[in-house]
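Each in C-alpha cells, the structures are laid out below.
Both of the next two complexes hold chain A, though its partner changes from chain B to chain C.
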Partner chain A sequence: MNKSILQIELRKILPFYITALVVIISYVLFWPKPLMAGDGIIATAGFLQGFIITWIVFRDAPAVECFLFSRGITRQRLFWNRWWLVAVLMILMLIIAAAVISAGLRCLIFVNGPWHPMVKWYELNILWPLGLASVAGVSVRLFLLLRDRFLKPDKMLSTIRRVWKYILLVAAVGSAVLLGRVIPHMEIAIDYLLIASFYVAGLLILSTATARSCFLNMEIHT
Partner chain B sequence: MKTKTTRTHLWVKVTAFYLMLPIYLSILLGMFKLFGQSGEYKTFFGILPTVVVIAVLLSAIFLIRSGKLAIPLIVVAVFLFSAMMIGEIGGFKLDRGGKTQWTIEGDFKIPGIDVYCNDVHLGQTPLIITEDEFLAKVKLWDTPPSQQRTTLREDDHNDDTRFGWAQYMWIPSDFIEYTKRWPDEEMQRPLWGGIQKDAEIFEFCKKTPYWWRFEKNGCVGLSSFKSLLSWGGSGGPFGAKLSTGSTVKFPSLDKHFEVFIADLKRNNWQPDQAWMKHFAAYKDMLFGKLYQYAQKHPQAKPALDAVVRQEMNIPKGELSDGQRRQILDDVLRRCEEKSEFRIPSFESEASLLACRDKPEMIGEYYKKSMGRSRGGRISSSGSYIRYGNPGPAIRLPVMRWVVNQYQPPQLYNQLVYSVGNNAGMSRWFGLTDLKLVLNYPRDESKKILRYYLKTKQNQKAGPFGRAHDNEDIIRWLKDIHNSALEPEIRRFVQDNPGRHGHELEQFVNSRVKHFPKESELPSWILHYTQLRNDEKARLIAKLKTDSINHHLSYLSSVNPRCRDKALEAFYHSPNRYGDEFIIDSYHHYTGSVVQRRSLPSNFIWALAATDTPKIRAFISEVWDKGGDERKKLLEGLRSHSWHHPHMNWLVAKIEQLTQKDERIIGLCLLPHIGTDDAKALLEKWANDPASGVVKEAKWRLEYFDKKQKERQGGVFTQDTIDGLLSGKIKPDDLLVPATAYIWDGEKYIPEKK
Partner chain C sequence: MNRTIIQTEQLTKRFGEKIAVDGLDLRVEAGSILGFLGANGAGKTTTIRMLMGHLHPTGGTVEVLGSDPWQQNQSQRQKTAYVSENMDIPGYLTPAAAIKLNRRFYPDWDQALAEKLLEEFELRSVGAYRSLSKGQKRKTCILLALCQNAELLIMDEPASGLDVTARRTFIRQVLEIACNEGTAVFLSSHLLSDLERTVDRVTLLDEGRLILNGHLEDFKVGIRKIHFDVPVSLEQIAEQFKVIRYKKASEVETVVTVLDYDEQRFDAFAAEHSGTENARCYPMNLEDMFVELTRKSEAKVQLP
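Entry: the complex of A and B
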C-alpha cells in the first residue's frame, strides 16, 4: 500500500476507531451479564462500527477525491487498499475482544479467581454477533455509499429518498433478526448463526463486487 | 464503457435485491404461518394466499429490476398488515373452515388407548384429528346412550373421572360447541365448569350429541373431558389447535395388578410362562405398575428385568459388547420410530441394561447424539416423563437419561463444553446438559453452579428479567441432587424463595427425598424456608434423623396443627426417628393443658405404625400403670383400623389382662395385630369358659379370619388367578358390576331387569 495514502486513511479513521475500540472492549470487559451469541447490544455496536468505519474510509471530500484520483495509483488498487484496511480494522477488533475474553480478564473482574474454562470459551460466542454485524455494517455502507456516488454523482439525494433508504435498511436488518428467531424453531433444525453467516458472506461478496464496479466506473466531478 | 456501466447497474440491482431478501423471506414465512401449515396449503384456503404472496413477490422483483424499490414494498407491507389483522384479531370470529385440530392426549402413563366417539373408533391416544375428519366419521346421537353408571359418595374417587355424583362409561363432551364459542372469555370457560349437581349434568347430557369412550385391551377407561389443556392458533387457515389433557383411569387396573402380583408371589417371585404371556398381552397397562412396585419391593426386580428382556428381545445372562450395542441401537430406533421417549418404559430400562458398567459406550453414543436436538417437547406427571422429539433428535434425551444414571467420568469435560458452547445458560437444551454436569460429584460443579446462579440473577435484574424467574430457577434446582452443591443451592433458595409456595414445596420435598438422613436439613427447613408451619412439619416428619423430634415439638408448640400433620405423616410412612415426638404427643394430649376424651386418630395410627424400643417401653409403661390411662390407650387402639404384625409383643400383655371389660377391648386388638399368636389367644379364650369372654372371642375370631382372608388376597382365589392368566377372566370381570342405567328422556334411571 502506498505509505502516504495509508497515512491519510489512518489519520481519518484512527480517532473513531480508537473510540469504538474502547467502547466495545469496555462492554466486553465490564458487562455484568454473560456474553452470548444472541447479544443484541454488541450486534448493534458492531454494525454501527462497520458502517461508520467504511463511511469514513471510503468517503472523500470532492477536493480530496479529485486529488486522489489523479495520483498514479489505480482506482482498482485504491479500492482494495481501503477494503483491506477496513477488513484489518475489523479483524483487529475481533482479535482484541477474543484476547480479552480468553485471557480471563472478565473472570478477574467479576469473580475472585479464574472462572471455569467452560465459561471463558462460552463467552467467546460473542465474537459471532460482533463479527457478523461488523461485516454486515461494512457491506451495507459500502454498497450504499458507492451506489449513491455512482448513480447520483452531481446532486444530493432528496431527503425523502434518503429517509426511505434507511427505513428499508432497518426493515431488512429487522427481518434478518426475525428470520434468525423463526427459522431455528421451524421443523428443519438449522442454526441461525449458520444462516446469518451464509447471508452475511453473500452480502459481503456482492456488495464488494458492486462497490468495486461503482468505484471503477464513477465519474469524478471537480 | 457503456457495457461496463450497464454491468454496474446490474450489480447494484442484484445486491439491492439480496440486501432486501430477509424482508421477502419473512413475508413469505409469515404468510405460510398465517394461511397454512405443511401439507395444508394444497387446500383452497391455503393455496389462495400462497398464490397471492408469490404474485406479490414476483411483481416486487419486477419493479425492483425496473428501478422502483419503494412501491412493491409498500404494497407487500399493507398486504401483510391486513392479513395479520384478519388472521390474528378476527380469525376466531370467522368460520374456522373445519381446520380446527384436536389432540386428545389420554393418559400419561398408558399409551395407545383406543378412543371411541358415538361408538366410532377414532384411533389411539395421543389422537390427533381435524374437525373435518371427525365430522365425516361420527354421526350425532339424539339421545344419551344406555350405559353403566357408578354412583359415588362425596369422598369416593375425588378425581377427574367423576361427573357430580357418578362415573359414566360413556362420557358426554361437545368440542365443536366449544370451538364455536366467542368471545375469548367464553372460550376460557371450561367445558364442565361449575357443573356439580346431577340435575345439571342430566341437562348437559340431554344437549350433548357426542359421547366418548376409552378402552385399552378390553378394559374400560374413565375420564371426564372436563377442560381443555390449551387452545391456540396455527391450526390451519383461521383454525385452532385444541388439546385435552384428560386423564384416563382404568377402574380394574389396581385389582388386575394385585392378582397379577399375587401369582408372582405364589411362584416365589419367579415369573413363569403364563405370567410372562399375560404381561405381554397387557404390557402397556401393567408396565408402569410393575416398575413402581419393583422400586418399593426389590424382590420384583428380576420379574421387571425379565419382561424388559422379553419385550426388547434381550438374551438372558451376561451380555457381550456387540449385544449391548445392538440393544442400545434397538432402543434408539424404537424411540425414533415413535418420536418419543418415556421414563419409565421398556426403552428406558433396556438402555440402562445395555449401558451398565460401560462408560466408554455411553460416552460414544452420547457424543453421536449431540447436536441432533433442536426443539422437542417434554411433559411430566409425578415421576413419569415423556420426551417428544422428532426423528433422530429423540436420541439425545435417551442418552441424557443414561448419562444421568451412570455419570461416566470420561464424558464430564465433553458435557461442560457442550453447556458452554450451546448458549447453555439461557436455553433449555443447555440447561438440561447443565443439570447433567452439576449432578456429577466434581469440585468444578460449585463454580459452574455459582456462575449459573449469578447469570440468572443478572438476567432477572436486566431489562428483560421476569418476575417469575425465581420460580423457574427453583423448579430447575430441585433436580440437582449433588450434596457438594447443597449449601450453595439452599442459600439461593432461602434468599430467593419465589412468590408462590408451590415450587418451594416441591424443592424441599426433593431435598427430603434425596437427603433424608442429613442432620442439618430439619433445621434448614424450619428456619430458612418460607413454607407454612404445617407444611414444614409434614416435610420434617419424613426425615430420618434424630433431630426431627426437637424441631417437630417446637413447631407443634407454635401451631397445634403441626402436630396433627406430623403424626399424619408418621402414619403414612412410619419413621422410627420420630418416636420421641409421638411419645411427647401422648403427654400433650393427656396432659393438664389439653384434656381430650379420646386420643386423636393420627396419634393412634402413628403409634401403632412405629416400632422402636422407646415406643414399646412407652406403651408398656402406660399399660402397666393400669387404670384410666391404660383404658384410654386401649380404647384408642381398639377404635381405629390398623394392621401391624410387629405389635405381636402386645399379645402377651393382652393375655395378662384380668378384668372383663379390658379383655373385651384387648380382644378387639388381636385382629389388628393379625399374627398366629393373636389367633391362638382368640381361640384359647373362645374355647375357655373361664375366660369370661367366650362369646366376644368367637365373634372376634370370625372377624379375624375374614380380615386375614382379605389381607392375603382372599378375594382372589386360585381360580381367579388362573382364570385371569389363562384369559378366561378379563380384568374388568374383577370389578363389582356397575349398575346399568337407561335414559328416560330426562335423566338416567336404573335399568329394570
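Entry: the complex of A and C
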C-alpha cells in the first residue's frame, strides 16, 4: 500500500471510524441481553458503518481529487489501496468485537447476571450480522459510486453501461429474498447464514468489479 | 530532432452540443517551453485535462511521453508534473508535510530544490494549507510540481495569485528545468508578459481551434501592424502578405495586421503601390499579438 495514500485516507476516515468503533463495541459490551445472530441493531450499525466508511474513503473534495488523480500512482493502484483499507477496517472491527466477547469482558460487566462467569461462545454469532451487513453497506456504496458517475457526462465502458442496471436489480431482488427468508430463521439455522455469506460475497465481487471499472474511467472535471 | 513529449492528432472534445476542442494537432518536443494561449473558454484547460488523462477525448488521439495518458503505468505517470489553478492538496497539510507526502510518489524527487523553494517562497513556517492565502497555496502546488524532476511539466494558470517575487522565482525555475534537454514545459497562462519572458514556442487556441503554432521569435518578426496613410484594398495587401486583420480606419487610412512581414517584400509592395512607402510598421509583443488574433471583429479576415 502506498504510504502517502494511506496517510491521506486514514486522516479522512479515522474520526468516523473511531466513533463507529466506540458505538459498536459499546453495544457489544453493554447490551444486557444475549447477543444473537439475528440482531437487527448490530446489522443496521454494520450496514451504516460499511456504507459511510466506503463513502468517506472513496470521496474527495473536487480540488483534492484533481491533486490525487495527477500524482505518480495509477488509478488502479489508488482504487485497490482504498478498497483494501476499507476491507481492513471492516475486519478490524470484527476482530475487536470478537476479542471483546472472547475475553469475557461482558461477564465482568454483567457480573451479577444469570450467566456469570461463563463466556458464551454463541454470542460470537453476532459477528455474522455485523460482517455481512458491513459488506452489504460497502457494496451498496460502491454501486452508488457507479451510479453517481453515470449521472455525470462521462464516457463509461459500454459493457458497464449495459449491465449495471441488471446488477442493481439482482442486488435488490436478492436482498429482498434474503431479508424475507433469512432473518426469521437466523438464530436457528446456520445454513441461512452461509447462503447469506455467499450472496454478500457475490454482491461484493460484482460491486467491486463495476466500481473499479467506473473508477478507472471516470472523468475529473476540476 | 528532439524526442516528442506530447503529440495530439485531431484531438476533439465535445460537451453535449458544445465543441470545446476542435481537431487539435499539437506536437511538443523535449527541451521546449510551450506557451498555450487562448481567451477564456478557448479550450485550453479542456486540452490540458485530456493530456493529463482526466477527460476522455471525443475524437482524435493524444500521446503523452509516448503513450495514451489513460493507459500509463506508474513509472510513466511519475514523469509528468501538473499544476492546475483549481488544484488543492489536503487542507490539514503544511507545505513541509505536503513535500514529505508528495515525495513518496516520485523516486526522482529533488529534496534539495524543495528545501530551497520552501525558503524562497517563504513557506517553511506557515500553517496548514487550508489557512494559507491564495498565493501561498499556489506556491505550494508549484513547489510540489517543480521538485518532481519530471520530463513533462504541465501548468494551467500556475502563477495566478503570485506576487512579483514569487513569479520571478517561478519563471527562473521553469527556465532552469527547461535547460534540461529531456524536459518539456507546457504552460498555459493569461500573464502574457511572463510567458513572453519564458516560452520559446506559442500555441494559440480560439474557440477550440488551433490558430497559431510556432516559435515566438518567428511571430515577433513576422506579425506586424502596418498603418497606411492611403487607401489600400484587402486584395492588394493579400497578394504579398497573410493578412490577419484588415481595417479601414478612415477614408484615407488603412490599418492592416499581417502574419509574415518581411522588409524586402514590403519594399516590393511599396514600389508597386504609390503612397504606401511611408507606411508605419509596428512590431508587436505577445499581448498585442494575442489581442489582435483573438479579438472578435468582422475586420478579422484571415487566420493562418
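Note that in this section the second predicted complex is superposed on the first by the 172 of 222 C-alpha atoms of A that agree within 3 Å, B and C clash if a C-alpha of one lies under 4 Å from a C-alpha of the other, contacts with A are read in each partner's own complex, and residues count from 1 in each chain.
The rule is simple: contacts are C-beta pairs under 8 Å (C-beta built on N, C-alpha and C of every residue); 3 or more make two chains touch, one makes a residue touch a chain.
Because the structure is a prediction, the values reported are computed rather than measured.
Of the two partner chains placed around the shared chain by superposition, neither chain B nor chain C is touched by A:95.
Of the two partner chains, chain B is the only one that A:199 touches; chain C does not reach it. When the two complexes are overlaid, the chain among chain B and chain C that reaches more residues of chain A is B. In the superposition on chain A, A:36 makes contact with chain B only, not with chain C.
Once the two complexes are laid over each other on the shared chain, residue contacts for A:14 go to neither chain B nor chain C. Once chain A of one complex is fitted onto chain A of the other, the partner contacts of A:143 are limited to chain B, with no touch recorded for chain C. In the superposition on chain A, contact is made by A:214 with chain B only, not with chain C. Once both structures are placed on chain A, chain A residues 217 are touched by chain B and, in the other complex, by chain C. Chain C makes touch with chain A in their complex at residues 15-16, 49, 52, 54-56, 70, 72-74, 77-78, 80, 82, 84, 86-90, 92, 101-102, 104-106, 141, 148.
Contacts from chain B toward chain A in the complex involve residues 1, 4-5, 7-8, 11-12, 14-16, 18-23, 25-26, 29, 38, 69-70, 73, 372-375, 390, 393, 416-417, 419-421, 423-426, 444, 447-448, 450-451, 454-455, 458-459, 462. Residues 32-34, 36-38, 110-111, 115-119, 121-122, 125, 140, 143, 147, 150-151, 164, 168-169, 171-173, 175-176, 178-179, 182-185, 187, 189, 191, 199, 202-203, 206-207, 209-210, 213-214, 216-217 of chain A are the ones touching chain B in the complex. Within the complex formed with chain C, the chain A residues making contact are 2-4, 7-8, 11, 61-64, 66-67, 69-74, 77, 153-155, 217, 219-222.
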